[in-house]
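What follows is a pair of complexes built around chain A, which joins chain B in one and chain C in the other.
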Partner chain A sequence: MKRVGLIASVLAGLHLLVLLAGFAAPYDPVEQTRTLPFAPPSRLHFVDKDGAFHLRPFVYALTTDPDNFDAYIEDTTLPFPVQLMVAGSTYSVLPGVESRLHLFGVETPARISLLGTDGFGRDVFSRLLHGGRISIGAGLLATLCALLVGLGFGTLAGFFGGRVDSAVMRLADLFMAVPWLYLLFAVRAALPLHLDTRATFLLLVAVLGIVGWARPARLIRGIVLSARERTYVTAARGFGAEAPYLLRRHILPQTLGVVLTQAGLLVPQYILAEVTLSFLGLGVGEPTPSWGAMLGTLQQYSVLTSYWWMFTPAVALVAVAIAYYALTSMVHERMRLVAS
Partner chain B sequence: MTLIVRRIASSVVLLFAVSVLSFTVLELAPGDFFAEMQADARIGSQTVDGLRAQYGLTQSPIVRYWQWVRSFVRGDLGFSLAHRAPVSSVIWARAANTLLLTIPAMVVTWCLALPLGIWIARHRNRWIDRVSSGVTSTLVAMPDLLVALLLLLLALRTGLFPTGGMWSPGAEELGYWARLLDLGRHAFLPLLALIATTLPSVVRHVRASVIEAAEAPAVQAARGYGIARSRITSRYVLPLAANPLVSLAGLSIATLLSTSLLIEVVMSWPGLGPLLVEALLAKDVHVVLSASMLASALLVFGNLAADLTLYAVDPRIRV
Partner chain C sequence: MRLIGSILLVALLSGLSASAAVPTPVAPGEDVLVERATSGSHGGRLVVALRAEPRTLNPAAAADAPSREVIGRMTGDLIHIDRATQATESALASQWKRSADGREYTLALRKGIRFSDGHAFDADDVVFTFRVLLDERTGAPQRDLLIVGGQPIRVAKVDEYTVKVTLSQPYAAAERLFDSIAILPQHLLNDAYEKGAMGQIWSVATPAKSIAGLGPYRLKEYVAGQRLVLERNPYYWKTDSAKRRLPYIDELVFLFTGNEDAQVIRFQSGDSDVLNRASADNFAVLARDQAANRFQLKDLGPSLEYNFLFFNQNDLSGKNLPQVAAKQQWFGDLGFRRAVSRAIDREGIARLVYRGRAVPLWGNVSPGNRLWINASLPRLARSVSEARGLLKASGFSWRQDGQLLDRQGRPVAFTIVTSSTSAQRTEMATLIQADLKELGMDVQVVPLEFRALVDRVFQSFDYDASILGLGGGDADPNGEMNVWLSSGSNHLWRLGQQTPATSWEAEIDRLMETQLVTLDSRERKRLYDRVQTIVAEQLPFIFLAAPHILVGARADLGNFQPSVLDHYTLWNVERMFFRPELRSQRR
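This part shows the complex of A and B:
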């Protein structure tokens, strides 16, 4: 029981971090520093060049190595202590509400990039947090979409049966007859390639939702079908209960377990789907960060072999996926215990 | 017999519906193949309109769908605007390359997964089981993309395997065996990625089905008679577990095709994947349509084959 709480709070923390990306990230995700492409993660120092210890960590500014243009050396003349709650680039907390407060930062000209920078000198850590907003947000919204459609169609098919049932199930078969990535591509092909970020994001969510409704619909139909025949439902019907009441009071609560476990499985899958599309250049485009678009730079072999910090979006992705799967299997276990 | 005929007929109807669905979806798309041309100031809008008329893009959707169907049935599979050739001339070679990856991957996956799953099921609740369940659940959570990228990184770092493409430059001049070896070396990495991404979930399913079958009353009775363990596994447990496993094999084709698509793009294997992505970006509608049709056909007939195998293997279905 304790582990459920632990995993749930880790997940909640991750989501909060991503939600407050503007505050938690030291820089604007699209701000470029052309002099620092592919800079390695900043090293936090505690001991300065004279050997004195500082409790507050500090970083040095980076300069290009004169002997080797691909490498950077630290300029140890001046330390730049890491400061908390600093003013920096402007971001919007909510639409209309703007802030300049960042959790941490250093004074210019030094820069603190915990996870290095990408080819344009943009801070990978800031992009990771802001990208998580897009990737996780797309995953959550698309899951909501797919589950709502699945719940609607599944209930319709299971409750009314007969011709409605077979029509809906044939439609579901149709969607399950195409390998999902092909289906995703075909649906994506139907939408304009170059759009502004917000429109692309909403389209992505819609596409993912359209592609994934069939499986939950099938499962929900099965449950509704069996719940409909339970004796207490028949009894309620005998007392004159109408369909809306029956659905709300007796049948839909039965589907809660399946809906929850499906949600837990779909969210990481959809995050992954967004990542895949953006990786291939079919999702959210530059300069807006998303985990897939960030990983897309790894398609260049030189980036793949040289800059390990460009893998961090994948690490974040795996962490989120494992947390979701673990939580789902525990919820599933509990639901089974409750049901039996 | 009627069951088989009915299944085949419904598969064909399903494929037809898939084509209508894909066509409708693509038809909703704004812009077409020639839209990109208009960005070039040197090409007048009359030229573009002329090209549209020449390639029949001005006709009504129903007419164009009918044209595609006719071309598909004739075996041309439509006309690729980007390649200026029937789709069949580009797609078959690519589809063959995809199958060159997916069929061996599937065979190897199942040849590994069956003994592994049975072995793990036998050591149920012991440390082997716990370790393997930890490993497989981590691997299941690993995105295919990451597996492919990591393998690619490994290959680039060690230089043991070539990355990208199917042949080394100048491979045409080599002898038959040398060519085969070259192909094998190029296919190794994508194959490994495919197997690594599909194996964990299949092993988990095999384990679950074997455990479930081993608890069946008939198997417990057989154990009570003192029949040898190996004989119980091969004669009692496996036939019982076959039903879910054969269905799973049919379903796993779908995952395999999707994964293969991604891995082909990442590892630049000239299969259906890169072709589809290119066609998608260029709005080369017929190529997208025919490629998704081929993939769906593979999936549908895979499921059909699974059903027919079940029919042959499982006497409970025949009654």
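This part shows the complex of A and C:
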């Protein structure tokens, strides 16, 4: 039980970090620093060039080698201590509420790039946090769509049975057979160019979620079907309970376990789907970051072989997926224990 | 005599069965071209990775780059442009004369030379070639080039080794027309031509013995999806300074890889010997390679290619595109285009997209084209305040949040479409997006699959702005006719004009047509300078950068003298050889 709490809090922490990306990230994710393309992660120093120890870590400003595109030298003349709660670029906390406060930062001209910069000199750490909003947000949104539709159709099929059941289930078969990637290509091609890319992306994610309703619907149908035949449901029916009451009171609570485990499985799956879409150029457009778009630059051989910090979105992706799966399997285990 | 002939034949056949064809000795009276100051040693095989599989080996039908790369090594032309000097030089025509009025050219052909199947070459093959290419039924891509002043050129046989070419009007640099026009063997193709089947001949799967040309190599073997192997043409009409027949290298192998990265990986691993063109990123990867001394990597300086941003100014009447039409009010406004041009960080593009291996551009002629560039064009540095001033003067204003508004108060927002296969152009668009954000413009970048992009730019006109690249062919301005003439097929910003839409387009038409028939090269330069000035003032294209040509080859490849003109590396393949003293380095 302790491990459930641990993993749940790690996941919650990750989501909070991503949600508060504007505050936690030191820079605006789209801000280009054209003098620093593909700069390696900043080195945090504790000992300065005279050998003196500092409790507060500091960084040095980078100078570029004019003949060498991605070679950088630390300018050790002046240390720039890492400061907490600094004013920086403006970001919006909520719609209409703006702030300039950042968790940490350094004074210019130095920059602190914990995970280096990309080819436009944009801070990868800031992009990773902001990109997480899009990627995890897409995962949650698509999961919500799939579960809502799945719950609706699954309950319908399981509770009413007969012709309704077979109609809904044949429809589910149809949806499971849809090659979703081609469907998305077709949807994207049919949309006009001048649509806002973010709106387009939300639409694609919603399509993805709605198309994915069939699997949860099948599972939920099974639960509803068996719950409907339980003696206490029959008894309630005998006392004159109507369908809405039965569903609310006796049947839908039974589906909670399936819904939760499905959610735990679907979220990472849809985060991956976002990565795939962005990798294929169907995601949010430049300059908005998302994990898939960031990983998309690895399609270039030179980036793949030269800059290891460009892989960090993949690490974040794996971590989030593992956390979700671990939590799901524990929740599943617990639900079984409760049920038996 | 007959005995000697059969002995020769036996020697030849045994040579064929061994590995590659043995070069035949130079016959008395054979008018070979002696490449002075060329020496090397025979043998070896040269492997080149192609981006894609060639579609055809038919010189009269090839339009894709891989096909032309291969066909260029298998065929010969009458007058050739020397890729090193950019001047014309003698090829199958040993010499030529222009008549006083500039309308007639008399070409003397080389005597006693042979096609790669041993059949003799003469004036009939030349006349046949031009008849085939000019015939509309053939559908040859070269046909447009051979129409001068609205009339096809006329090619007539004078005697067995002399042809006369007549033009309907004087044509500047007419001898450059003949470069890369492959002379076809009449003895092999006459039947197909008579039947009207020229479009179907010489696919990659055609048996090697049914194909012949006048190039240094001939077809040996084709393996679908993998490789195409060429072997030495034993009758090739060039020799080195010691009168030994060229080419030096026995076999030329083309591997099919798929994309540029795959080409680079094959080269890096030693599977291929020559890298025809690399991006700056991949060039840096190769230069960093621990074993970089296995390669000779060369930066040849700026190419003739120019990359540019352009706005859709097409006539949209009859098209149902109200969204685009509404924005054309901005795109047609010179102040708007100048403001965009002033706000773009060209130095940033050269540094970030090309790692400094590119030059910023303000006109259509790259500094790589030393003969024709108008060096007096202003090179306006980036200035956001100047750009804002230009917008203000054109009636634009700004909202509280910094968003740019036009006269009617509509926010200025548009999309730039690029090809998703060109990482560089998408990167340029991303930089421009950030630059124009500073002017309050809301720009979206949409990478599209290349064919979808071409369809929007050339057919449906359903786009706002795009980034493309042109040039890279010949240095002469005649190669740019179809871009700058208002009726030209690459007049991208406004296609399909019956009459010039603006007075400056009319002036460019007049200047380009005048330079075409002007024989004095200094006068032509003056006319073309004026064209460059008008283009730089009116900005139908907003020029961005000209990338350097970056190539590589194995360290032991001799006579590797790449050029900024296409084909960058293999243009002198007949002179290349493997240095025996370095061969031990080859794996």
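In this text, the second predicted complex is superposed on the first by the 315 of 340 C-alpha atoms of A that agree within 3 Å, B and C clash if a C-alpha of one lies under 4 Å from a C-alpha of the other, contacts with A are read in each partner's own complex, and residues count from 1 in each chain.
FYI, a contact is a pair of C-beta atoms (placed from the backbone, for glycine too) under 8 Å apart; a residue touches a chain by one contact, two chains touch by 3 or more.
What you see is a predicted model; the values in this text were computed from it and never measured.
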### Query
If you stack the two complexes on chain A, which partner ends up touching A:Tyr301: first (chain B), second (chain C), both, or neither?
both
### Task
Check whether A:Leu174 is in contact with chain B, with chain C, with both or with neither, and answer first, second, both or neither.
first
### Task
For A:Val211, select first, second, both or neither according to whether it touches chain B, chain C, the two together, or no partner.
neither
### Message
Looking at A:Leu183, would you say it contacts chain B, chain C, both, or neither? Reply first, second, both or neither.
### Response
first
### Of chain C and chain B, partner touching more chain A residues
B
### Task
Would you check which partner chain A:Ala314 touches, where first means chain B only, second means chain C only, and both and neither mean what they say?
first
### Task
For A:Arg34, select first, second, both or neither according to whether it touches chain B, chain C, the two together, or no partner.
second
### Message
Going by the contact rule set out at the top, does A:Pro268 touch chain B (first), chain C (second), both, or neither?
### Response
first
### Task
Applying the touch criterion given at the start, work out whether A:Glu286 contacts chain B, chain C, both or neither, answering first, second, both or neither.
second
### Task
Check the residue A:Ile322 against both partner chains and state whether it touches chain B (first), chain C (second), both, or neither.
first
### Message
I'd like to check the shared interface: which positions of chain A are touched by both chain B and chain C across the two complexes?
### Response
189, 192-193, 281, 299, 301, 305
### Summary
As the complex stands, chain C meets chain A at residues 261, 264-265, 279-282, 284-285, 288, 323, 345, 348, 351-352, 355-356, 414-415, 417, 420, 423, 426-427, 429-431, 433-434, 444-447, 452, 462-464
### Message
Can you tell me which positions in chain A touch chain C when the two form their complex?
### Response
30, 32, 34, 37, 69-70, 119-121, 189, 192-194, 196-197, 281, 285-287, 299-303, 305-306
### Query
In the complex of these two chains, what residues of chain A are touching chain B?
170, 173-174, 176-183, 185-193, 268, 272, 275-276, 279-282, 295, 298-299, 301, 304-305, 311, 314, 317-318, 321-322, 325
### Task
Spell out the residues on chain B that touch chain A in their complex, using ranges where they run on.
14-15, 17-18, 21-22, 25-31, 137-138, 140-143, 145-146, 149, 152-153, 156-157, 163, 254-255, 257-259, 261-262, 265-266, 276-277, 280-281, 283, 288, 291-292, 295-296, 299-300
